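Chain nomenclature is as follows: A, B and C, assigned in order of appearance, with residue numbering initiated at 1 for each chain independently.
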Amino acid sequence: MTFAVFEWLNSGNNLSFILEGFAINLEIALVAILLALVAGLALALLRLSRNRLVSTVAGLWVDLFRNLPLLLLILFLFLWIPQGWRNTWENTIPGWAPEAFQSGLMLAGLSGLVLYNSAVLAEIMRAGILSLPRGQAEAASALGLGYRQSMLHVILPQGLRRMVPATVSQLITLNKDTTLVSIIAITEVMRRARTVTATSGNPFTGGGVDAPILEVFIFVGLLFIAVNFALSRLSKRLEVRERRRSGSVPKPQVRGLEEQVA
Amino acid sequence: MPFAFFDVLTDNFDAFATGFGTTLRIVVLSFVIAMVVGTLVAAFRVAPNPWLQRLGAIYVEFFRNIPLLVLLFISFPGLRRAGVEITAIVAGVASLGLYTAAYVAEALRSGVFSVSKGQIEASLSLGFSYPQTLRRIVLPQAFRTVISPLGSLIIAMIKNSAILGGSILALDDLLKAGRVIQSRTFETVPSFVWAAAGYLILTGLATVAIRRLETRYAVRR
Amino acid sequence: MKTTRWLAILALALGLVLAGCGEDDEESGGAQEESTPAAEVEQFEPGTPLGDIQQEGTITIGVKYDVPPFGFNNPQSGTVEGFDVDLGRAIAERLGVEPEFIEAISDNRIPFLQDGTADVILSTMTINEERVEQIAFSDPYFIAKGRILHKKDDTEITGVDALAGKSVCTALGSTYEATLKEQAPEAKLKLVDSYSECLESLQNGSVDAVSTDDVILTGMIIQDDTLELVGEELTQEPYGAGIRTENTELLEFVNETFEAYKTDGRYDTAFEKWIGQYTGAQPEPPTISVDEAVELVKQSAG
């Protein structure tokens, strides 16, 4: 180890190269969580449907995708998504979207992330809705509200609000999961870090200060820890606020842990 | 086409089985590490000593917020380049174990808090030392509460183990087997379906085992 | 969840899968933006594959991003460079369009070609029997030899016969998986996504050797001179550009481009620039046909 630890950060445009990559991860996470929330809500509603067939099939779907490794989904989609879809993606993606999103590969990465996380979020939402005291639903129907109306105005707003802390936790996990798309050759932070370690200090590829793998990836790790730690603080504050507002913690303290694990 | 579907399994059964076995081994080893380290960290977190508490908190925040893939790069090529002769399987199992340990620690900590303070105080006033209190009163009860979350962690570990094969560690796990078979036969759907089936078998077994344990031991809250 | 539920999940998964199985061939050819083709370039009718490419204004070429000197993404210059890349540019130039390079890793290059993501694959791809069944190849543009790379201070590996019990790295989806299984059945294979990972593994000592085409290995030696080639050549590896089987016009076009490239001196210049100046070797543009290449590979694989 050299005396000047992390000096490779100053050399060339290594730092901006890696930070740009990190921004891509965050962007992917943001887009994925938004899409997954929409899809997850749809799934949750299907799950809660009074039609037995619909709720069972939706339930199986959710259970299936919650139990498969995310990387398996991503790699499969990467190899299977046909050209027509990739083309449509590249045609419809607006010009102002970041460069990494322009590639059809992002379709596979995003789909994998959304498929998986929508199933997870569907479960969180369902738990949030089911955790509402029965009285709410009964009161709504006593007031003459139909199923749809009571859902829209009473159940969903309260149930969904309860799952905000859990959703922020899931965003933390999603942030970490975005690194998996590096395996399908999307140039986010992991790929870029690899490029920096492989090419710096190497006369064939331009020279510069040698960047040891250990240091580079510790740096990348710290980037993630910083962002995720901030998010977890936010989640705790939201949980405290929710507790104050509704007067109780809706679920036992250890709930939601499983969804947080990568 | 339907025949090719099953052919992919029968022709390559050895490869799938080997991958399955490797994944199973990885999960078991990582689980042991996660439980041992996780218990230790949880103990730190609830210790009366503020330094130990801080250490535990740092551990948890570090390993919960860092992506597993980054950990793998640090522990395998990172350490090897720095001179440590670590093998891929050790790096993989250690990373997955230490990573999951942070979650185990949190689950146990919540379980510990579920044991009422009164019991801890009573035990201490009866002359038990703090370690003894932990060992005989708190932890046994805490364990029972946490069977369900621990079960979820095992399932998460099974899923995360797939990352080990896809990373530079290149361990020959179940997902790897699926990819190798796909690259040889070009039968994308069957290769991945059978690999996925393997993972579902593992998570299914874990779920069944957890349910059994729950009905036998868990405390209803 | 009961056992029946798990069976139900598997059944649903099977259902999804069978639905997905039907999606085998998808047409390519979505014309995007138009750009006027350059002058002095042979124009093709829109509606023909070449005409469509000209209408789009770009030809998508899959190359390696991490295999110097054939295709690698140079972070200092921000572009992809290499011998394969230069060949790709020659094709694009002759067609009067811009080349768009994408990364083709070993296990996705043929699917990318078949589904139309890439028009041409120029990524150190060996012509062999199995691949010829899936796609069409241009005439060979380079003949590499399979070799073994190890650390200079390693005395145990002297050749392919000495690989028993040793760990050898090669890329997932490359021809070396089969070659090594045949020629060194006792060796422990480590399969990774890309050769840069093999280089890393060799450098950090987690594998004993890397086996692939000599030029790729030379690229590794250039980056790290503690490595050296050892032993006899394992195989002959004729590289060809990959093109979709149905796209016969593009195949013809590429072959004509290569013919010109080989004879008008551009081949020699590129060879010298990327390979010759490091290895001292002389350029030898291959003159064999695709079928002869397939034979060559079969014989040399033993």
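As a convention for this text, a residue touches a chain if its C-beta (ideal position, glycine included) is under 8 Å from a C-beta of that chain, and two chains touch if they have at least 3 such contacts.
As the structure is a prediction and not an experimental result, all values here were calculated from the model.
Undergrad: Taking contact as defined at the start, I'd like the list of chains shared as neighbours by subunit A and subunit B.
TA: C
Undergrad: If every chain is reduced to the average of its C-alpha atoms, which one ends up farthest from subunit A?
TA: Chain C.
Undergrad: Using only alpha carbons, which chain's centroid is the nearest to the whole structure's centroid?
TA: Per-chain C-alpha centroids compared to the overall one single out A.
Undergrad: By raw count of C-beta pairs in contact, what's the busiest chain pair here?
TA: A-B
Undergrad: Centre to centre, by mean C-alpha position, how many angstrom separate subunit A and subunit B?
TA: Whole-Å distance between the two chain centres: 20.
Undergrad: Roughly how far is subunit A from subunit C, centre to centre by C-alpha average, rounded to an integer in Å?
TA: 34
Undergrad: Using CA atom averages as chain centres, what separation in Å is found between subunit B and subunit C?
TA: 38
Undergrad: Counting only residues that touch at least 2 other chains, which ones in subunit A make the list?
TA: Expected reply: 64, 67, 79-80, 183, 213.
Undergrad: Which parts of subunit B, given as residue numbers and ranges, touch two or more other chains?
TA: 77, 81, 166, 179, 182, 188-189, 196, 200, 204
Undergrad: Residues of subunit C touching 2+ other chains?
TA: Subunit C, residues with two or more chain partners: 1, 9, 13, 20, 107, 111, 193, 200.
Undergrad: Show me the residue ranges of subunit B that touch subunit A in the complex, using the header's touch definition.
TA: The touching residues are 61-62, 64-71, 73-74, 77-79, 81-82, 99-100, 103, 106-107, 110-111, 113-114, 145-146, 148-149, 152-153, 155-163, 166-167, 175, 178-179, 182, 188-189, 192, 195-196, 199-200, 203-204, 221.
Undergrad: For a test of understanding, state which residues of subunit C touch subunit B in their complex under the given definition.
TA: Spelled out, the residues of subunit C in touch with subunit B are 1, 3, 6, 9-10, 13-14, 17, 20-21, 106-107, 110-111, 134, 172-173, 177, 190-193, 197, 200-201, 203-206.
Undergrad: What part of subunit B is in contact with subunit C in the complex they form?
TA: It comes out as residues 1, 5, 76-77, 80-81, 85, 87-88, 166, 168, 170, 172, 176, 179-180, 182-184, 186, 188-190, 193, 196-197, 200, 204, 207-208, 211.
Undergrad: Residue numbers of subunit C touching subunit A in their complex, please.
TA: 1, 5, 8-9, 12-13, 20, 23, 26-28, 30, 32, 65-66, 68, 72-77, 102-103, 105, 107-108, 111, 115-117, 193, 196, 199-200, 222-223
Undergrad: If you look only at subunit A, which of its residues touch subunit B in the complex?
TA: 1, 64, 67-72, 75-76, 79-80, 172, 175-177, 179-180, 182-183, 190, 193, 212-214, 217-218, 220-221, 224-225, 228-229, 232, 252-255, 257-258, 260-262
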